[in-house]
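After this come two complexes, each holding chain A, first together with chain B and then together with chain C.
Our next item is the complex of A and B:
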C-alpha cells in the first residue's frame, strides 16, 4: 500500500494509504469512531459490534468504518442522525447483557464502553431494553488473570489473539444467539484447557471481562 | 457425560472411518461432524478432539461449530427420547412447564441424557399438531395435551421410580379440564 489518497473525514482533509480502512484512518488522525470488534492486525474484521458506522457520500446507507477501504476523494461524516441512531441502538444492545457494575470493575476508567458512552453522550444505563445478564461464575483459575463472562461483550479480540498471535487455540466462541459466549473446549475452566496463561487475551480485552488480578485488587 | 466401557475404541474407529472419506480441510468440518453424528448418534468430546487434530484447527473451534448448530448434539441419545415441543401453541399452553416437569423428574436439563442413558430430553420447535398442544413426542408417539401429571404417567410407564415429590407442580391454574383425553 504505497499509494496515498486524500479523503475528507468530518471536513478534515486527510492523506492516508489507499485501501486503508476508514476506522484506522480516522483513529490515526485523532478522530474517534466507536469500535469494539475492530482489530488492526486482523485482515477481515468481524464487523459484529455495529458501532463504527459512518456516512460516506454516495452510499445510500451508513457503512461500518472498519470494513470500508479509503478511496481517493471520499467524503466521510462520522456523525449524522442516522449514524447516531444506529450506534445508540447497538450500544444499548451491547450493554443490555453486560454487567454494569462499573464501581466494582477493574477496568473502571479504562473501559472502551465508558469511552464510547462519553464520546457519543450515551448513557451507561438501560432505558429501552431489559437487562439480561446471566449469573455466570467468574473463572479465576489462571494465576495472573480472571475471566468474568457476564462482562464480556463478545467482541472477539481475545479469540483473535489466542488463535493468531499466541497461536494457542484455547478459547473460542461457542453456542449461538443469546447463549453465545467465549469459552474453552467442553466449557472447562481455563487451567483445565490448553490455555498457556500467556495473558495476550487479557491485554486486548476492551472491557472488564478479562482482567489481570493485580488490577482487580486495586 | 462419561463413556461406557469400550466406547472410546468405537469412537476412534468410527471417526477415523469418517475422516478418511473427506479432504482434511477446515471447510469439510461440518460434513465430517455430520458423518460422525450419523455413526455415533452424537458428538463425543473425544471425537471432536480427534477431528480437530486431523483438520489442524483448535479443538475449541470444532466445539464452537458443534454447539452453534442445532443439528448437532453433545449428549448421547437415550434409549427413550422425550421431545418437548416449544412451538408457539405449545409455548402458550405451558410447554415450558412440561419441560420443567421432565427436568425435575429426570434430574437433567434440556438437551441432556440421564447418566444411565435411559432417557434423553430435547426441545423441538414444532411437531405439526398444534391443536394438541402442549405436545411431547415420546420416542415415536405423540402425547397430546400433556400435563405435569401426564409426565409422571409417561415416566411410570417406563418403570421409572417416581422421584420424591419435593416440589408440587406450580401450574394448577393452567389446567382447564380435558385432562388425559388422548387422540
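Our next item is the complex of A and C:
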C-alpha cells in the first residue's frame, strides 16, 4: 500500500505514495494548487469546486488534481493557458455568487479565495460576469460563531466534518441547482437544530461563511 | 449439448408452445386492438376503448378487445387495429367514439371495412395499401419497435408467441464470454445518448471480480419532447426485461433494477404486470428456465430529476442519497451501486439485446453504418406533419427523416432548424440536413445523438429563445454540485434572457462562447459538459439572429414578446368585422371612428388571440419588430 512512485510536477521530481491524489502530493511538497472542496480526510473527492485543474501528460484535457491518482512516471503541470483559463472562469463564477465586501469580513487575510486570487493573479472583483448574490439573513444564533450563507461557496467541508467527524448531522445540502445551499433540517436557525455548537465546521470553512465571533470582533 | 442446456431448451419450448396455442385461439376470432399507451390516452383512447366495449357487449358479439401499446403514429392517435377473418388486419387512425361505433356496426356486424377511416393494412392484400406503401414505411426499418402496438403488453404469451425469450434461452446455453463477444462484435453502442460501446462496458463489468453484481435499466427518460423509452416500456415491456436478464446472465449479476421515473405510471404498472408474469413462467427468479442462473428485478421509481439519468446520480438515488453525480472513475461497471460492479444500460440498448443474441452480430451490422450499426429510434416532434415514434437505420439523413418519414413541415411553413439530442444536443440548420444520422456525424456537427428527441422548428421559432428555453431547462435541472454547471449555466441563462428581452449588450455573444467552452471542459458530469450545446450551435448557425436582437432590438422570427408590437393593417381590415375586438382579453383592440380596428399598444398583452382570429378572415393583424409606435399616436 505504501509503495512510492516518482512523479514530476512543474519540473520537480517528487516521491509520493502510489495512488495519492495529485492535489495532496503537490500541496505536501509546497506546490500550491487552488482548491476549495478538496478535503484530505474525505474518502471520495467531491470534485465540485472545479478549481484544482492541472495538465497531465497524455490526457487530452486538464483534469482535477483532487481526483487524479499518482502513477509512476506521471508528468504534471499546475499551470498552462488552458488550466489558467478554466481556473479563472471557475474563480469568477464562484465570486459572482459570493458576497465579497472583504473589508468587513472576519476572514479577511485568511481567506482561501484571497489566497487563490493572489497565487493566480486574479481580481477579487467581477469584470465580465453578473452579480448573482442574494441577500440572506446571517444566522448568528450560536454563541461562538455565525453563519453567513451569502458568503458560502458550497465546498461542503462543513457538511463533511459535521457528518463524519463531529457526527452530529445538523447541517446538509438542501435544494439543487442555483438554489443549493448548506442549511439545517427545515431551514431553522442553528440553535433550533440539533447543532451542538462544537465549532468543528467553523474551523474548516475556507471563506467567511462560518466564522467565530471573536474573530469578527478583532 | 449439456444437460442443463437441454433442460433450458425443453422448458422454453414448452412455454412457447403453450403461448402459441393460446395465441392461436385468440386470433381465430375477430379482434380489436386499441392503442392505450400514454400517447393514445392523451388523445382519448380510453373513451374509444369504452365505446368498443359497450357496443360489442350490447350487441353480444364474439370479439376480443385487447389493449396494446403505441404504434408510433402520434399524429393519428387514437389508433385501432381491427381484424376480422376474411379481411386483412386494418389500422384506423384518429378514431373517436363515433367512428368506433361505426366500425362496430359497419365492419364487425356488417362486412364494410370503412376504408374511409382506414390508414393502412398490416398485411399485403388486394384491397388496401400497407404501411410499407407510404414513404414513412419505406424508410423505416423497425427492430425494437416492430412489435410495439401489435402485441398485448400485459400478456406474456403474446411476447412468447412472437419468439420472445428465445434469446434468453439461447444465452443461457452460451458461455457469458460468448454472449459478450457477440455484443462486442455487433458494435452495439449505448442508445442513452453518449454512444459508448455496450460490449466493452459488459466486458469490464464481467471482468471485475466480485460475488455480488447489479444490472440496472436506465429508464429515467427526461429530455423535453422525448418519449421513446416510455413507449417501449408501455408497448413491449418483456423485450426490455429479456435484454436485462441476458445482460445479468452475461456479467454475472444476481439482482437487477428498473429505474423508471414516477411520472410514467402506466409504464410502471405494465412493468409490474410483466415482472409477475415472467416470474410465474420461471423466466425470472430462482434457476431461470431450469438453469443454474438466478436473477430477479425490482422496480425503482425515480422522482423525475433529469440529472438522475446520469449513471452515478442514478446510483446515488437508488442508494437513498440525493441524485447528485460523483466523479468517474471509478466507473459503475467497476464500483457502482453499494460499491459493487454495476452495469447500467438504457431501455433502448437493452431492447436490442434479444435481437442481437437471436439473429447474430452480422445481421445487426448489416443495418446502419460501419461505426454506428443498427437502427435509431426517434421521437419526432415539433412543427412536422408526421409526429411520432420512428425507427430508421443509422445513416439515414436528417432530410429523409423530416421530409419523407415525417412528411415535411406543418401548415406549409418553412423549415428553419432541427433540435436533436434534447438539452444536450444542438440546433442544426437547413444546410446540415444532409448529415447522416449516426453518433459521430452528429457530434461533429455540434449536436448529439442524445437519447433520440427530435424537435423540428420552423420560421416562427426564434433561435435565441430556443437556446434560452433549453438552457433554462438544464439550469433548473442542474444538481448544483459543481461550479461550472451551477453558476456557469446561470450566467449564460441571464445573458440569454437579457438578449430576448432586448437588453443584450455588445460582447454578449463572445462572453457566451467563452463561458460555453469552459463549461464544456470544466463540468463534473455529462449534464454540464453538454449543457452549452444548444447555445453553441445556435450561435454557430444563427448568429445573425443573436446580432439582430442585440444590435437592432429586433426578433427576426417575431417571437420574443418584448421585441414585438401588434398592429392592424388598415388596408386589410374590414369595417364589417369585429372578430378581433371580441377575441381580445384586455380590451386593447378598439374600433376607430372610420370603423376599422386598431390596437392600444399600452393595453396589449401580446397574447396572439387577435392575430389567430383574423388570420383566416382578413389576415390584417401584423407583428412588427423592433417595436413600432401606435399609428396615429405620436
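The definition used in the following text is that the second predicted complex is superposed on the first by the 218 of 218 C-alpha atoms of A that agree within 3 Å, B and C clash if a C-alpha of one lies under 4 Å from a C-alpha of the other, contacts with A are read in each partner's own complex, and residues count from 1 in each chain.
Keep in mind that, in the parts below, a residue touches a chain if its C-beta (ideal position, glycine included) is under 8 Å from a C-beta of that chain, and two chains touch if they have at least 3 such contacts.
Just so it is clear, the model here is predicted, and its values are computed rather than measured.
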Q: Go through the superposed model and pick first if A:56 touches only chain B, second if only chain C, both, or neither.
A: neither
Q | Partner chain(s) touched by A:33 [first = chain B, second = chain C, both, neither] | A | neither
Q: Classify the contacts of A:96 with the two partner chains as first (chain B alone), second (chain C alone), both, or neither.
A: second
Q: Determine, under the contact definition given at the top, whether A:184 touches first (chain B), second (chain C), both, or neither.
A: first
Q. Is it chain B or chain C that touches the larger share of residues in chain A?
A. C
Q.
Contacts for A:170 in the overlay, against chain B (first) and chain C (second): which applies, first, second, both or neither?
A. first
(Q) Just to be sure I follow: which residues of chain A are touched by chain B in one complex and then by chain C in the other one? (A) 173, 175-176
Q: Can you check the complex and tell me which residues of chain A touch chain B?
A: 163, 168-176, 183-186, 193-194
(Q) Which residues of chain A touch chain C once you look at their complex with the stated criterion? (A) 44-51, 53, 61-62, 64, 67, 82, 85-86, 89-90, 93-94, 96-97, 128-130, 132, 154, 173, 175-180
Q | Partner chain A, residues of chain B touching it in the complex | A | 45, 48-49, 57-64, 67-69
Q: Would you mind writing out the residues of chain C in touch with chain A in their complex?
A: 305, 307, 322, 324, 326-327, 475-484, 486-488, 490-491, 494-495, 511, 514-515, 518, 521-524
